[in-house]
Amino acid sequence: MALLHPDRLFPADAATRAIAQRLYREIKALPIVSPHGHTDPAWFANNEPFSNPSALLIQPDHYVFRMLCSQGIRLEDVGVPTRDGTPVETDPRKIWRLLARNWHLFRGTPSRMWLDHVFEEVFGISERLNEANADAAYDHIDACLKRPEFLPRALFERFNIEVIATTESPVDTLPHHARLANDPWQTARGNKRVVTAYRPDPVVDPDFGGFAANVDKLGELTGENTRTWAGYLAAHRQRREYFKSMGATSTDHGHPTARTADLSAAEAEALFNRVIAGSAGRDDAELFRAQMLTEMARMSIDDGLVMQIHPGSVRNHSPQVLARFGRDKGFDIPGRTDYVNALKPLLDRFGMEPRLSIILFTLDETSYSRELAPLAGVYPCLKLGPAWWFHDAPEGMRRFREMTTETAGFANTVGFNDDTRAFLSIPARHDVARRIDCSFLARLVAEHRIDEDEAHDLAHDLTYRLAKEAYRL
Amino acid sequence: MALLHPDRLFPADAATRAIAQRLYREIKALPIVSPHGHTDPAWFANNEPFSNPSALLIQPDHYVFRMLCSQGIRLEDVGVPTRDGTPVETDPRKIWRLLARNWHLFRGTPSRMWLDHVFEEVFGISERLNEANADAAYDHIDACLKRPEFLPRALFERFNIEVIATTESPVDTLPHHARLANDPWQTARGNKRVVTAYRPDPVVDPDFGGFAANVDKLGELTGENTRTWAGYLAAHRQRREYFKSMGATSTDHGHPTARTADLSAAEAEALFNRVIAGSAGRDDAELFRAQMLTEMARMSIDDGLVMQIHPGSVRNHSPQVLARFGRDKGFDIPGRTDYVNALKPLLDRFGMEPRLSIILFTLDETSYSRELAPLAGVYPCLKLGPAWWFHDAPEGMRRFREMTTETAGFANTVGFNDDTRAFLSIPARHDVARRIDCSFLARLVAEHRIDEDEAHDLAHDLTYRLAKEAYRL
Amino acid sequence: MALLHPDRLFPADAATRAIAQRLYREIKALPIVSPHGHTDPAWFANNEPFSNPSALLIQPDHYVFRMLCSQGIRLEDVGVPTRDGTPVETDPRKIWRLLARNWHLFRGTPSRMWLDHVFEEVFGISERLNEANADAAYDHIDACLKRPEFLPRALFERFNIEVIATTESPVDTLPHHARLANDPWQTARGNKRVVTAYRPDPVVDPDFGGFAANVDKLGELTGENTRTWAGYLAAHRQRREYFKSMGATSTDHGHPTARTADLSAAEAEALFNRVIAGSAGRDDAELFRAQMLTEMARMSIDDGLVMQIHPGSVRNHSPQVLARFGRDKGFDIPGRTDYVNALKPLLDRFGMEPRLSIILFTLDETSYSRELAPLAGVYPCLKLGPAWWFHDAPEGMRRFREMTTETAGFANTVGFNDDTRAFLSIPARHDVARRIDCSFLARLVAEHRIDEDEAHDLAHDLTYRLAKEAYRL
């Protein structure tokens, strides 16, 4: 019995399913456009084998280890590296068995679907993971990873990825992208295959670990005096140009809130001086992030980089886990997020600028129908990113369409983002999105709300065209 | 191929659809009761032809032009009138073609359904709008509008409207309603066909443009000294009586929040004095609106007008658009809205008064199951208005029923409001509501949660009886 | 025609329904585990007949009388007892007729389903209640209640209840549980059948009526000086042990918010001193409740009682109703509830403690996908209680699963709570939960998101195993 049913995620109703099948058939083989994610550019630059099944599929996947942790399994036992020297499990086979023994926990979660897809489509495994077959699965995957057809570039091509964006800090020198720039593989099919994106949080967020040092490093990289407001802004402009030369078409902003500000130049400079002097309190830090979104919008109008705003995560909720394991360990919890007031200063200033394009994301689904769809449904500069993070799953994607389409339509959305560091799961994630979009469209057709020819057009838009256009790829 | 499928909006599941068809068959021809809306009473009083297709169907429809705007089309090019002298497109045919060229943007939106209904049911067009047929459609509709059977009264009768409420300001002298009062058409079928509703925002909201002048005008109209609290209240009472003589059975309150207050007479008078002197700040303005809801409730207990509260819109979000185009240009964005604390002062005072009836609306769907259904499910004076504005669409209506019925039942809701200035879309909007309600009821029957005879009763209630009773029509 | 269709609440789609039927068939006869509720332990200790149909089924049921109240029926006429001496209807037959006359109001509500289940399954009535058959139904039920097979213990066994928890205050001496401890019926099937739960709100919440007197009573019962912080805490520990001896495995906390605090011992003591001196303001009262959740967590780590937190109800919204009828009269209205910040102090302190187990509930459905599932999906001490109160109904339960499963899975939920004082409705409520869970699982199977053998496992977990394990029963 296969792990993946050909009709998975399609509606149960036979008539609607038949429509979904027809829609999906036309778009399932379209290339993957991955305009926002967190894969490691070194993989594509160096094209070296992945190390082992656990290091590839379990240890870096916060969806996976957070579920294990929720059921009382210590992160140390999953081999999540510690920064305080606490010893962790180092035998990848033991970690693999731990996952197999707890595989039932993932029933009904996207991790289960993504991993099943990886097992079957990438590695040809067709038996549900369990304790009895855990070792065999491990050995099989491990053996595969040593073969050339499982090298990063081979998988990239097998996955039919047209373009993928990674995400880097302004103080990253982009060595892997630079190396790719001189590699014929990068443009063998025409445009660049691997591009970067400008994520300035480390030099924009005063609460980011090492902020001041990062700003100094930004100065070193650019030759600007980033201890002055003018030099700091000039350094951003310079790095943005460099990122553009490495293929970047977008910036990304992961702030705790969506707050923006539009201070006078003098106020902004004074604020920067307090912030860089380390004398800024919580309010100043928030105001600085807010002002910087507006500064970034101003630069985007000039250089054409599309802005992505990913707000609303209370990061590192557990100080114990942060102390032992560091950032991005599954303890980021969403909070309520306001957009209608938060974005107003930026929109008051630049909301009607034809060259500006901002893609909004949310972890607070209540904002879909109340704020985001009404905003994106009228402001020419605003578009809605797809269901994000915890909501990047069938039910979450369905709610996204149900709560945004009537007000914002489809054209104010931007297709799918896989937003992942789990490279092997990328085809799985795109496939889920394609199936859910086809299912939503099929329901509209079955309920005679659109015609089937329109649904075919839209399925193509949602799968391919919107992502290319919205991200200017 | 027709634009409208006879089974549109019914559930895809065949058994459920068959139930929905049976329910709908019994209620589809019931008269339209339109207890809240924004049509122009001049149309019915003067019965003059509508001017042209674009002036009728595009330029005044904020749902339509906001979507075009969101995709970078300038409101000037849609012919939306400016107040700062900026020239706008004046050729209605060019505006029509603009819509036709962008018709795909409306896929999945209620505008598409409403306009398709108008095209097919009102004008007999059965081909989907596109650039190629745009001119023919324009010419056909334009020709129709010149014929007597497309005059406002003829359409009113063809639409089978039993009664429609318009919405007017206290300083409106209601000349069209007065003219109708002497016209046999107004009562040819018994009760009045066109009634007004009392919307005091311009004289109740200190932030409303021209507030002080409006209050003075209220004084002139009533002979009361509206610069005093007592005179101001007396003027309201007098105008409410006048509105009642013009058929009004309801008031309507479009405040930024649902906040109410219950000040002592002395506090209220002092507040009024600050407000009318122009020395009120933001807090005073909000408090005055809050107090006035309670004052309006007090008057409603005396004169029997039903209160409608439509809170939660952040109006005129873009100052640029407000400056150029004025109010109601699609830039009103919902915000989070609290009811449980906001309404408490009013409810503490009058919540158990048998004569009081308040219909609550929301743009914040999170309040449906959390606050509104629990409040309306216990307070005898509270009822829930239908899914409003951005939520007046199939998915929004479905969520309204799914999130309110288990706690508030059906009897604490009030049927449908079209709430529109787009007269021709009224049958379309009521038809959508009827189909969605029948679909929801059909699901309850199919899941054996109610019996089919009960669903028939309820379908009739939701279509006709509840609106008549709740609005005391 | 029967009141209850065998396929009620299953999805209409035939293929999905067939799966739901198969799942339900395997679990419908499993014993009822009722780990949280409000039945009267005197019923089981004394085993005396219930008095009459209205006193049993209407007068104590706030779901029923709040709906009647919402439609203008006075609570006095429903026989709800007053505390201010206002006379109320005392003829149970008249009260019964009132319900029968208004039976249509309950269409689509859970009360209708629960009562229909009671009528048919408990009393063998198969005709829908109406005015014509009201007296016959009354007489039939009344006659039944006089028969031995309708005594509380007989019904307990007929309902196949394995264990039921009641909820008591620390100052309750638990006389009925003590009596049961010496009654062979209590352990005739092995473990205790009726257990208590520790609900300390009356001695933890400074805003609770009679707080200071309750704390004094706590001192008398324990011999501790509860006017000191140390004595107060020691008294809690002592009462928790006593409750454990009466079978308690859990505590329950019904605070207005989910706020927690982690004060130093000195700060906590000073706060307690202010609170017990009656000099605490609103902020102190809230802070004290917050600190006490953390104190209770500390005690739970020691004694193993599972914590339940039921936050977010604005209790006694109408002061008029509170004055006349007292607490718990249907006028408790949910408000917005934050968890991500509120729980942080407690979680920062004890969030990774392996012995701690906290079950979170909400009346604010927006927290399901935004806060609760992400929290429970990573913190080992957190689990999610089922859809609560207004949401304990088919649509609410469905939303609970749809909005929590993808992030928290099933294993971080705890099965069903009936949470009721309406003893006869307990089988109805569990049956609704079982049917909705089977329907949700059936959809996952039909959409090929899990396999059917997994769904069978999960149906068993959700019905039985998770409740036993999560509540340590």
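A, B and C are the chain letters, set down in written order, and residue numbers restart from 1 in every chain.
Rule of thumb we're sticking to: a residue touches a chain if its C-beta (ideal position, glycine included) is under 8 Å from a C-beta of that chain, and two chains touch if they have at least 3 such contacts.
None of these values were measured; they are calculated from a predicted model.
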Angular offset of chain A relative to chain B [C-alpha, multiple of 5 degrees]: 120
Chain C against chain B, contact positions shared by both copies (same if over half, else different): different
Averaged-CA centre spacing for the pair chain C and chain B, given as whole angstrom: 40
Multi-partner residues of chain B (at least 2 other chains): 11, 13, 366
Residue ranges of chain B in contact with chain A within the complex: 1, 4-5, 7-14, 66-67, 69-72, 104-110, 112-113, 128, 314, 317-321, 330-336, 363-366, 390-391, 393-396
For the chain A and chain B complex, residues of the former touching the latter: 11, 13, 15-16, 338, 340-341, 344, 347-348, 351-352, 354, 366, 369-371, 373-380, 382, 402-403, 405-412, 443-444, 446-451, 454, 457-458
